[in-house]
Every structure is written in structure tokens, then in C-alpha cells.
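What follows are several structures.
Two complexes follow with subunit A in common, the first pairing it with subunit B and the second with subunit C.
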Partner chain A sequence: MMFHQSILNTDATGIAIEWDRLAPVLIVLGAAVVAVLVEAFVPRKARRPVQIILSILAVVASGLMTLMMALAPSDYISNTVAGVAVNLDPAALYIQLAVATSALLGLLVIADRTVQGEDAFTPQAASVPGSEYEDQARRAGLVQTDVYPLVLFATGGMMLFPVAGDLLTMFVALEVLSLPLYLLSGMARHRRLLSQEASLKYFLLGAFASAFFLFGSAWVFGATGSLNLYVIAGSMTELGMDPILLVGVILICVGLFFKVGAVPFHSWTPDVYQGAPTPITGFMAACTKIAAFGALLRVLYSVVPSLKVDLKPALWTVAILTMVLGTVVGVVQQDVKRMLAYSAIAHAGFILSGLVTFTTDGLTGSLFYLFTYGVATVGGFGVIALIREVDGEGHMRGEATALDQWRGLGRRSPVLAGAFSCFLLTFAGIPLTSGFVGKFAVFSAAFGDGAWALGLTGLACSAVAAFFYFRVIVVMFFSGEPAQPARGGLGIGVRTNGLTQVAITVALALTLVLGVVPGWFLDFTQSLSYFIMP
Partner chain B sequence: MNGIDLTLLAAAEAPTGVSLMWLVVAIPLASAAILLLAGRAADAWGHILGVAASAAAFVVAAWAFFAMLGRAPAERSFNLGLFDWITGGDFNLQAGLRIDQLSISFVLLVTFVGTLIHIYSVAYMSHDPDRRRFFAYLNLFVAAMLLLVLGNSYLVLFVGWEGVGLASYLLIGFWNQRLDYAVAAKKAFVANRVGDVGMLIAMMVMFAHFHTLTFDGVFEQVQADTASTAVLTAIGLALLLAACGKSAQFPLQSWLGDAMAGPTPVSALIHAATMVTAGVYLVVRSGPIYIHTEGARLAVLIVGAITLLYGAIVGCAKDDMKKALAASTMSQIGYMMLAAGLGPVGAAFAIMHLLTHGFFKAGLFLGAGSVMHAMKDQVDMRRFGGLGTVMKLTWVTMMAGWLAILGIPPFSGFWSKDKIIEEAFVGTGWQPWVFGLVAMLGAGITAFYMSRLFFMVFHGQARWTDDQHPHEAPPLMTVPMAILAIGSVDLGGILCLIGFAKWLEPVTQAAGEAAEAEPVLAVPVITVATLVLVLAGAALAWVKFGAKTAQVPVLPPPANVLVKAAREDLFQDTANDVFLVRPGQAVVKGLTAVDGKVVDGAVRGIGCLVQTVGGGLSRWQTGFVRSYAASMLAGVILLAAIVLAVWL
Partner chain C sequence: MTVTAYLILASVLFTIGATTVLVRRNAIVMFMGVELMLNAANLAFLAFSRMYGTLDGQLAAFFVMVVAAAEVVVGLAIIVSLFRTRRTVSVDDESLMRH
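This part shows the complex of A and B:
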């Protein structure tokens, strides 16, 4: 009975539900349910606009609720929301805000389509690539509007992930955010086989990783007798260094490392990032990473601080491996999306290096880094989504992602190329961009904690990574047209309804503002940089 | 003690004229900006705006001057705060102006002579398509020079210091389509940069020891003996290096002759009357430092003495009219430097000589410009002669300048230079004899080479090249020349009569009352001996170059080794080449090689390594889910092993 009590924490009167504190999660999930109904009952022609408006409104409302709470955290933080299933602490609020911001920008890119009416998704996901059925669906002008409920479900899972109060809620959130992403990855309009392959790989490996997470939860339950994070944290001090507990925690971390794309659990990243529809890549590269880091932060900072001495060597190993591999393999990539995938791996390593210091500075640095990285990532993939290849007759085809196709883009689409350069500069951590401030924050936290190996590796990797970011700038602006036409034709900016441009502009503005005057935002981040410790 | 008084005065209300002094910098600066930004659109009226800006600055300065005159001598010093410039940690610097007897003298000189030269340039540059740009640079120079003398801290001074360097560079290379002119501009800039390093070092040492860069703050602490003599000597020597660069003193003098590549009005204003005297200003302004450091003060004296002889000797051999005048400028600034090194009393005469020199040397240069104007830009004095009859006005104005620089009473140079020579004889031990005799000898040589110049140009037989039709310059040129000539005649006498040295005392004797001392020779003896030497020099020049019987060859005659050396500027360029340029180039070549081979090689090597490793590692990315899952499993085992290893 004791166990049941501690798992579910129910009593005779039932659970009190704090609707306001849960609103950010519930609004999005509720909207997702409504969106499913929209799919069923709204006439086909009206579906797309209704879905877009619904999902954008839901994310905006959720984000505003989060912002309201984040501005007055002391009024809202609580570790007993919905029983003990949800822990609303300041750092988690910040993560929710970052997820909502990036999700909103990501949604704009997802909702955009070219002036010819082509969006990034296949007209009929169920059709076999290259079949007659697919052809018919395209000619009929079908639109796959169930993208929007899927994105909303994923966003809802991401909003819940960082505030989960017990391992079970966390696992449910993990699955709620993952399953829609597996589907979304397989829905690309062009190169459908690559997309479906990515989807299947993501699903298989994701299931594998989830199993580790569950397995780890079981070990921890075995060691502590509870799934509740507070109870676990409390028994840590009593149990001390229990091998069962240690292995359990490491297995939980592995599940989360998979989601953030840390080495050696990263191998899905390049394939999935490349195969998924680019707007979805941007969405998941930003939001999944933020949410998964949110969960990782919760586990590391509020559950296991008493084990940090034992965990540090393993965490350091992962951080260093992630930075080095992401950077070194990124150098040899010839595809822009793959290159950004490796860059995402390297960034996960940079964030980890601040995070594993277990200091407030490290927490602030990681949070700030996550926010700015998410925004810039959506912007960067937004630009990639707009660069399409043009064949000999001038027909617009799929996305031009090979580096060769980007040659001389600075002349063909100067504004997009300029914006992309800014995102690359922030990824490289050049001063006056938010990326510099973020890198400075995490590395100074690492040095401040005496983690010289992490800090120095981070600096060296940043220097090497700058090479492949600058190479793209050089290719876009300083190299002539290739002697032999690139396979598939050169890339050029496509004309769309303009939603992507809005997202890119906002992302660019945030990137530059947080790079030039970061102080106020760092203060804001700092004010939310703590967990309610048990 | 005076330093404290001055800070108190800062709080006192400055009279209207003085509180508007920021305008004297702002007006020419704004004008320069307008002229540069408006571009060709301003070609039609650019020169008028340029002249008006300079004249307006003079009016404001004169207003401030009269406002100052209305106050007691001790209350004629003002600090005018402008804005908080640098605030960081415990270092706060307010950009401000310091208006006192010394700076107002400079401001009046710069704006008055500057305005005359602006007017002169309207005619002199009338055929140049880039006249507007010329005026923009001139205005920029005026603004920077005024900021230099008005700044209330070394840092503000340094802004002006760099500004005049830039303006000088731009104006020397104004006709940069000619390679040698562009090279001359670069040479001036580089030589100045060497001096600037001295300025920077001085400021850094000051900041390290005094935590302030304002004049008041630094001098107060120098008075209070917070720094050791060694530190003060270091500051003094570094400041002297800065002064040498800007004022073309030994050993950084080589750029001034080449700087004559600029248009003649530039030579008159920047490279004779004002900018090159900035070093003297710096040394006089830093008097409270030099008075506490015998070593640095002696260095100033030695530099001044060497340069005054150096310039005089070089001047004797130059056939290029402007270069002869440049050598003379160098020599005269050597006199000022010598005087500035002599202490508070000498400093007053240094500034007085600076003012009289500003007038007569500017007048001489403008006269030279008038001659060039008449002779199709020719400068070789061997091809002149007999011009006195054709260009009466130029002849008269240059004669005034010539007599002034010779120091013939009652022309203005006599009053200031004679005082310097007298003051050089003051002291004990070997110093008064060496410096006094050098100063006196210099006066004699000056008389020779200046008379040589004057006679070769205006007297003797005409040795013109074919197709020369000399004519008098237009009134826009001759009127400024005439006004400067009037100054050359009487400015010295007037300054002496009104007690200029006394007027400067609050500044020059800020560090305390200077004791009156008698020279080691009786004053009349010195004066008479100097005059005899001067007359002898002039007479020699007359016999060789002026008299009807004198034969001046049109080509430089073969000469002995000493004359050759003088013609080659005493091998200063060769010396620079051997001691500085070539070792410098060798170092640069070495560093380039190291950069190319070692640094680039290392970078390339790392690049290759990363590429190779990356290529190898990317093979791990097989595309097979089974191998991905295997690597994940391996990762889990690895992490579990690490954790358990730590636990064990």
C-alpha cells in the first residue's frame, strides 16, 4: 500500500487540479484534440486555414500563459500540481516559454506554402512513393492537414516533458512528443523514400531509447521504491551510492541523451534531420532539444545532485564526445541539412558542458543557450526550406540542400543568404550574436567550476566548427557558379505566402537583439535559474 | 598649489565668451564634415564656408580672450566640462576644455594665422579641381589643432594630436597622384606614429601611477611627490619622444623636409606656424613634470640644441626654397624646445618665440608661395634671382620676415630669440656655456642661410629658365602676406611691451615661482655678440649671393664632403634606412615566413587532421539501423561501466 500511495498520491477526496498552472499544457493538448475533430467535421476546403489559425492561437495562448507565470514565478511555482504529477519550477517555466516560442516560429514555417500552393508535405502520406495513387492525390490537390494536430500533440508533450513530477508522467510526455514526430518525419513531399526511411529509423531507435528510459525507471523504482522525483531525490541521500540506483539514473539519462542527440546516442540525428520535411526538422531540432534538455535538467538538478560526484565522469565523457564528434564529422558534410544536424549534435555538447557543472551559472548558461539556439535553429531551417532547386526549364523542384547547389546564392537570393549567414554566425558564436553570449555563458560556467577539460574542448570545437559555418558563407557569397552545373540544378529562394519570412525575421531580430543587448535577458534567465529542491 | 586653485575655479562660472569656447572646435569640424559629405555639390561655395568657419572660430576665440582680460591674472583659467567620455570602474574621464593664458594664445595664433592662410588659399588653389576637399582638410586641421591645445587632459590632447597628424597626412599627400608626394605623406605619418607611441607610453605610465590623465590631476600629484623621480623621468622622456615626432626634432626630424610636398599654404600653416609647434606646447604644458626631473629636462635641452644646429646646417645647403624654409622651421623649433627645457622663464620665451615665429615663418612661406605662383611652381633658388624688382610687394613682405628671423632689432624675432639666447646662458657649470654658445652660433648660421635664400630669390642676376614671366600675385594672396608682414615687424615688440611672459606666468610657473637669475655673460655682451654674428652671416651671404658681382651657378657646384652631407640632410634618410627601415623589414620578412610556414602550416595541418578524422568517423554513420542500435548499446555499456568504475 505504501508504494501505491507514493506512486499515485491519491486520497479519498481525489486530486486537486490547478487549472491555471496546467493551462500551458492543457491548452495545446486541448487544441490538438479539437484539431482532430476539425479533420473529421470541417469541410476539406476550409480545413487548412482553420487548422493553421487554431494551432497558432493555441501556441500563442499557451506561450502567453507561460510568460505570465514566468514573470511572477513565486506566485505559481509548486511541486504539487495535479497531485504530484507536475512540478512547476522556475527553470521548467523558462523551458516551457522557450518551447512555445520556438514552436510558434516553427509552426509559421510549417504552415507556409509556395505561391503555387505547394507545402512541404506529401498530399497523401499513405500512398506508395512513385505510385499512380500518389500521382492522383497530387493532381487532386489534396492537402495533408493532419500535420497540425500532430504538431500540436508533439508540442503538448514538449510542454509537459520538463514539468513532469514523476518518472511515469515524464515517460508519457516523452511518448506524446515522440510519436507525432515519427509520423511527421515521414511526410516529406519530395524524396519520399528518404523521408520514410528516416521516419522508420527514428521510430525504431526512439523505441529502443524509450525502452532504456523505462528500464532505468524500473531500476530506480527498485532502489527507492518510488517513481516520484521528490521521493527519489529524498531517498538518494539515505541510500547514497547504490549501484542499482546509479545504473538506473544512467539509463534514464540515456533515454534523454537520445532525444537531445548526444554521442553515442546521436546516430539517428543526421539521417532523420536530412530525411524529414525541412519545416519539421527545424521544429524538432529546436523544440525537442529544448524540451529534452528541460527534462535532463530536471533529473540532473533536482533529483540526483547528491550523486553528482559519481555521475560527473560519465557526463563529462558524453559532453566531450558529443562536442568533438559533432564538430569533426560536421566538417566533412556536403549537405546543408546534414551539416546542421552535426552542428546540432555539437551544440548539444556545448550545452551539456555548461549543464554538467551542476552550478547555477551552468544552469543559467544552458537555459539561455537553449532559448537562443532554438530560435536561431528554426530560422536557419526556415531559410533552407525556402531554397529550392530549379531545373533547366526553370521548374521549381524540391529543396536544394547540397552545398554545391548553394554556390553563388548570395547573388541570386541576397536577403535569404544574408539571413542564413547571420544564423551561421550565431551558431559559430561570433560576438554581437546571441550564440556568442550563450557560448560565453556555458564555457565560463565550465571554467568557473574548474572543468578545464570541458571548457577547453568546447573552445577548440567552437574554433573548428567555425570552419564549416564560414564555408557555407564563402560558398554563398565568394565562390562563382560551379564549372559543372550542380546535380539537380542551382538553388534559389522560392516565393511563398510569407509566413516563413515572418519567422525568419523574428528569429533574426531575436538573435541580434540578444547578441547586442543580452543583459536584460540574461537577468531574466538568471531569475528563473533554479529548481525547487526537495 | 596652483593646481588646486584651478580645480576650484572649474566650479566658478565662466564668462560667456569662454563658455562658448567649444564652438571654436565644433565650427571648423562641422564645416569639414559638411564639405566632405556634400561632395561635388559644395564645389561652388566650399571655400567660402571654409574661410567663414575659420574666421568664426577666430571671432569666438577673440571674444573669449577679451572676456579673460577682464579678470584678475589668477582667475583667467577655466575648465569647461563637456561630457562624460569614459566611465569604467575607477576610471572616469570627462571630456573637457581648459582655457587659460597658454591655450588662448595658441588658439588666437591658430585661428588668426589660419584664417589668413584660408583666404590666401582661395586664390592659391583656385585652379585646383579639388579645392573644396582642400578646405575640408584645412578645417579639419584647425579643429584638431584647437582641440589639441584646448583639451584639459592628456587624452583629449591626444585626440587632437592624432587629428592633426591625420590632417597633415591628408594635406601633404593632397596631390597624391604623384607617387613621391604620397610617399612623403606616408613618411610623415609613420614618423609621427613613432612619436605617438611615446605619447601613449607617457599616458599609460601616468595612468598607472596617478590614476588620472587630466592636467590638474597629474600635476597635483606630481607636486605632492607621489611618484619617484624615475617615473617622472620616464614620463618626461616619453613625452619628449612624442614632441620630437610632432615637432620634427632630432632624431625624428626627417619627415619635415619631405612634407613640403603639400601645397604651400599647408606648409605655412601646418608645417611652420602651428602643428609642428605642438611638441613645444606639450613640453611647456607639462612643465610641472619637467621641473621635477633633471634628466628629462636635460634631454629636452640636448634635443633642442642638436636640432637647432642641425636645421641650420641643412638650411645652408638647400637649393629648394621650401626645403630651406623647412630646415629653418626645424631649427627655430629647436630654439623653442631649448627654451622650453630651460624651465619656467624659458618656457614663456619659448611660447613668445612660437608666436612671433608663427607670424614671420607663415609670412615667409606665403611669400615663397607667391614666388612659386609667379615662377610656374618652380622652387629651385638657383633659377631665381632679381625677382625683387618684379614682385615688389612679395619682396617687401618677405624682407620683413627675413629681418624678423634674423633677429634684427626692432623686428619681432629679435625680442623673442634674443631672450632665448640670454636665457640659455643662465645656469651653472658647463650647461650655460654649451647651450648659450650653440644658441648664439645658431643665430649666426640662421642669418647666413636665410640671407642666402632671400638674396638668391630677389637679388643678383636673373637666372630664370626660359618662358618665365614673373608677376605679382592677386590681392587675395598679397593682403594676408601684408598682414603677416606687419606682424613680423612689430609683434615681438608688442608682446614684450605688454609683458607677455608675465601674462603666461600663471601657467608656466604653476609649479612655483621661478627665481630670477643672471646669465653667465652680461646681457649687453650677449646681445651685441649675437648681432655681430648675425650681421657677419648676412654679409657673407650678400657677398656670395646678393651682390651684383656674385656669381650663382644654375647647377649646384661640386662641393666638399661637408656641403654634400648638408645637401643630403646630413644623411638622416640613410641613417633611418640603415638603423630602422632595413632591420624593420628583416623582422617583418622573418615574421611573415614564420607566419606562412609555422602558423599557417599548423593551421593547415590541423585542418587536414580534422578532415581525415571526420571522414573516418563519418563511416560510423552507415545508414543501417542495426549498427546505430549497436552503437547505442555500446554507449550504454560504456556509461554504465564508467559509473560503476567510479562507484568501485
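This part shows the complex of A and C:
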């Protein structure tokens, strides 16, 4: 049968590997392997600078390769890279570019440390919190540098996830991006119990979701006889509503919905966002969301378009529930990181409402939204990473994340508070920020497709969400000192080596530029808003 | 035996695994539930592979085994570090985060 083309290309003497097209993924994964060797062989003192330079260079090189391909997509798009394991679609290229951009900004925040030389990670992740061993490690000045190879492996997985050409590659990429993140979530320097709890929850629920993805892949393989996405798409037009196929597709979507944090598979998001070290939260919130939406887009647009009429009601329900739940529960949060976690859920709903229209406009809107949301998220969590508690003797402690501790921040650290306000305004979708352009593009696509329920829910949720973003701005700028001193002391901006400030500045610049003059970037996005059809 | 029998077995194993994750409160046992789900998927892959007479499903099963091994390494590391801190692996004990 023509459709039953195998992954194993047994008659060929070898599979041609298009190194240039795979370079963005391979550079990052190669650098990750080198970084592991650096951990083993480079002397302790030199390790940190070497790791930082290596990882930043790798992500920059990978991002530039992707940008080069995205500027001349017709020369590079191909659905037969590395056999048939990788499909380099224009939309996937755009996702790769967005992942590389956010990962670079995220890395800057991760690599930063205070002028006292304290980064966000525990010196010895294996030590028991509060033990003598931990104390010794801290006093010996040990530095956690395992973070960099882990971040590179995760980034490599994220770059591969949206371009995977078969379900097996997709599953492996999913695990390559997830496993390092489970570990990274548990490495916070302060509040280690919370961090370990986040790590365990993320791991158990993440592994549970990947099992669903895998079982779904098995059923799809059973129904179509192949794991290749195009072959599956071809069989789908033949088979139509085959129950085995439908069950498989739904299980795959469950796995992907978990990764993007859509209701009802969102329950890990608040705990993990709150517990993980803040720079990791920023990296994960931006890059995982982009990469997972990339994979979801690929499944929805190039595999199941023949089932879209049947799937639309379910997808609409998920999008509406996600928007409503994220917004409503976000309103009552008293912790800044937790509030941004619920905001992340709501944003997943906004992005979904664009892409479930299955139109080019919806795809363009969702892609643009993903890019701008990722950049602003890294910037926002970068600010949170800098706002620390100060105890009575003036020692810096962990991050001040309770909303009470942010009272009057506009007077203590006006620049940081101002930057954070801009990020909140873009999350709220206020005109002249990139968030407004993204929301406008997504909702106009929904209305254009006749999805009034989606568009109206989206608008209502945006209005409610704006309330809790503005509340933070009011707390920062217009509220006096609290009557009772906040638990843990008030937050204040900490002095660091300046890498986070660079990341925040770039994120802020992108947010404002794409908000004021979005036209050229929307055109660029639109030029990449399609998938190659077999 | 026909392929159907294997598929029913795979589904039963998957359901048992998923129920274990949802019902049990011991992190290690929940993790075993996840492993059972992965192996159920493997069984389904192999049964379908046999049905089609291609090697794709067997190939997938090998990849899944490698990934599952990597997952055990990461998962047990997380569970052990949590146990050393709290002396328990129950996921119900004192959740520190408020909803």
C-alpha cells in the first residue's frame, strides 16, 4: 500500500541528512552535550563563565540560523528532512524563532546573579534543606552550573517539538524538553521545600500526560499503520470518523493540552510556576508554551483538518473554559507568581481561540500572540526575580512574591515597577502594546470565522483580567505602606550583574515596538502562516 | 489469539495505571502507575505492528523503553530528594501551596 511508508527506509543505502535545515536543533543539543563535558573537565572556578558563554552562543547561533531560514522560507521548507522524521514548515520555523528568542532572554535571567554572587539556584540540589551539608556547600561558595546543560537540553527539545514529522519524534522531543524542566523546577536557592514540591507535582502530572500522548499515538498507529504525520493525514481523509483513530487523536490532544496548560489539564500550572526558581518559571512559561502550541498547531492543521468539523465543538469548549477559569481564579490570587500562572492559563485560552478557527487569519494571530506573549513573560518574571525580601539587618532573602510585599514598590524601585507595569499592560491588552495587537488579531479572526461565542467570551475575559493586572499597578504605585508590616518584609529591587536588566530592556523594547508599529512584523508572521500539505 | 485480545489487555493495563495515578497517594506507587501506562502503550504498539507486519511499532517500543528509563532516573531523583527532606512520599502531606 502506498500509504504504509515505513520510518525504516530499508532499501535505501542511507538517509540523507540535511544538516543546514537541522542546524538550529543540532547546535543547541550539541552544545548541551559539550556543556555536560564542561561540567566534568573544566576546573570549578572557570565553569560558570564557560557554561554561560557556551549556552548563550549556542542559542544565538541557533536563533540566527532559524532567522536566516525564516527570511527565505521557500529555500528551506521541506517535509523530508532526515528521512521523514522532521517537517520544516514555515509556521514551525516561526515557532522555532520564537522559542530561540525567548530562550535567549530566559538564559540571561538565569545566568544573572546579585552583586553578592548569589544566583537563583541551590548550590547542591542533592542536599537536604536546612542541613549542615547544605550550609557547608553554601559557605564553600559552590555554584550550581548543571543548570546550563539542562536548559540547553530543554531548549533543544523545544526546537524539535514543533518540527517533528512523526509521532515518535514528537514523543521523544516532548520528553527531551520535559525531563530537564522537572529537575530545574526543584533547584531553587530559597524556599526549597516549595521548589521540591513543585518539581514532584510537575513530574508526576507531566509523566501522566505523556503517557496519554503515547497511548494516543499507539491507537493512531493502529488505525493508520504509520506514525508519519502526512501518512496519517492521508489515511484520515479515507477513514473519516474511525473510532480508533478518533480516540487516538483525542488522547494525543490531551497530552498536548497538558503542556500548553489548557483547562481541564491546567492544575499543575499554578503550583509549578509558584514553586520553581523564578528565572526557570520565566523560561518555562514562555518557551514551553510556544513549543507546545507549535506541536498542537501541527497536529491540528496538518494532521486532522479532515476531522475539524467534528473536533471544533470540543476545541471551542476547551478554549472557552480555559479563558474563563484562568481569569476568574486569577482575580483572587495574592501571590504575584501565582497570579501570572493563572494569567498564563487565560492566555492559553486566548491563543486557542485564534487557532481553533482553522483559518489563516487565526493562525497568524495565534503565532504573533505566542511570540509577543513569550517575550513579555520572560521580561515579567525577570522583574519578579529581582524583587527580593530584605530582613531587619538588611540581608537579602528570597523573592518577595506576596502582593502585600509589593506595596509602594513604585517609590522604592521605580524603574522595575515601571517595567513590570508595561508587561502587565501588554498582558491586559492595552493599545500601544504588543498584547493589544495580538488580542485584536486573534479575536477578529474568531469573529471573522463566525465564532461569536469564542470572541465574546474572549473580550469579556480580557476585561475581567485587566482588573487584576491593574490591581497590581495600583498596589505598586498608589497604595501606602501597609498597616501591619507584610510577612517577610517589603520587597525591593536587588542589585545584580545586569544581565536581567538587559533581558528586561530587550523584552520591553520588543513589546512596545511591536505594539506601536506592528505592521511589518504581522506581515512577516503572515508570510510564514501556513503548513506544507503533502 | 487475535490482535483484539492484546488490545483489550493493553487498554485494561492503561486504565489500571491511570486509576493508580489518580487514586493512590504514594508518589512511588503513582510513578509505577505511569510506568504501567507506558508499557500498555508498548503492548498496543507491538500488537498493531504485528497486525500490519511492519517494524514501525517495534521501533517505537524500543524508543519508549529508553525514554521510560530516563524518566525513572529523573523521577526517582526527585522523589528521593523529597523523601530525605520530609521523611514521607505521600503527596497529600502538607501541601505548602495555597489555592
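The definition used in the following text is that the second predicted complex is superposed on the first by the 524 of 534 C-alpha atoms of A that agree within 3 Å, B and C clash if a C-alpha of one lies under 4 Å from a C-alpha of the other, contacts with A are read in each partner's own complex, and residues count from 1 in each chain.
In the analysis below, contacts are C-beta pairs under 8 Å (C-beta built on N, C-alpha and C of every residue); 3 or more make two chains touch, one makes a residue touch a chain.
Quick caveat: nothing in here was measured; it's all calculated off a predicted structure.
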### Task
Mind working out whether A:L325 is in touch with subunit B, subunit C, both or neither, as first, second, both or neither?
first
### Message
Looking at A:E175 after the superposition, I want to know if it touches subunit B, subunit C, both of them or none. Which is it: first, second, both, neither?
### Response
second
### Query
In the superposed arrangement, which partner chain does A:V128 touch: subunit B (first), subunit C (second), both, or neither?
second
### Message
Touch test for A:F208: subunit B only (first), subunit C only (second), both, or neither?
### Response
both
### Task
Kindly classify A:W268 by the partners it touches after superposition: subunit B alone (first), subunit C alone (second), both, or neither?
first
#### Entry: Which of subunit B and subunit C A:L432 touches, first, second, both or neither
neither
### Query
Now for A:T317: first (subunit B), second (subunit C), both, or neither, which partner does it touch?
first
### Query
Regarding the shared-chain residue A:A218, is it in contact with subunit B (first), subunit C (second), both, or neither?
second
### Query
In the superposed arrangement, which partner chain does A:L512 touch: subunit B (first), subunit C (second), both, or neither?
neither
### Query
For subunit A, what residues appear in both contact lists, the one with subunit B and the one with subunit C?
200-201, 204, 208, 212, 270-271
### Task
Spell out the residues on subunit A that touch subunit B in their complex, using ranges where they run on.
200-201, 204-205, 208-209, 212, 241, 243, 246-247, 250-251, 253-254, 258, 263-265, 267-268, 270-271, 309-311, 313-314, 317-318, 325, 327-333, 464, 467
### Query
If you look only at subunit B, which of its residues touch subunit A in the complex?
606-607, 610-611, 613-615, 617-618, 620-621, 623, 625, 627-629, 631-632, 634-636, 638-640, 642-647
## Note on the structure
Touching subunit C in the complex, subunit A uses residues 4, 6-8, 125-126, 128-129, 168, 171-172, 175, 179, 182-183, 186, 192-194, 196-201, 203-204, 207-208, 211-212, 214-215, 217-219, 221-222, 225-227, 270-271, 274-275, 338
### Query
Any idea which subunit C residues touch subunit A in the complex?
7, 10, 14, 17-18, 21, 27, 30-31, 34, 37-38, 40-41, 44-45, 47-48, 51-52, 54-57, 59-60, 63-64, 67, 70-71, 74-75, 77-79, 81-82, 84-86, 91, 95-97, 99
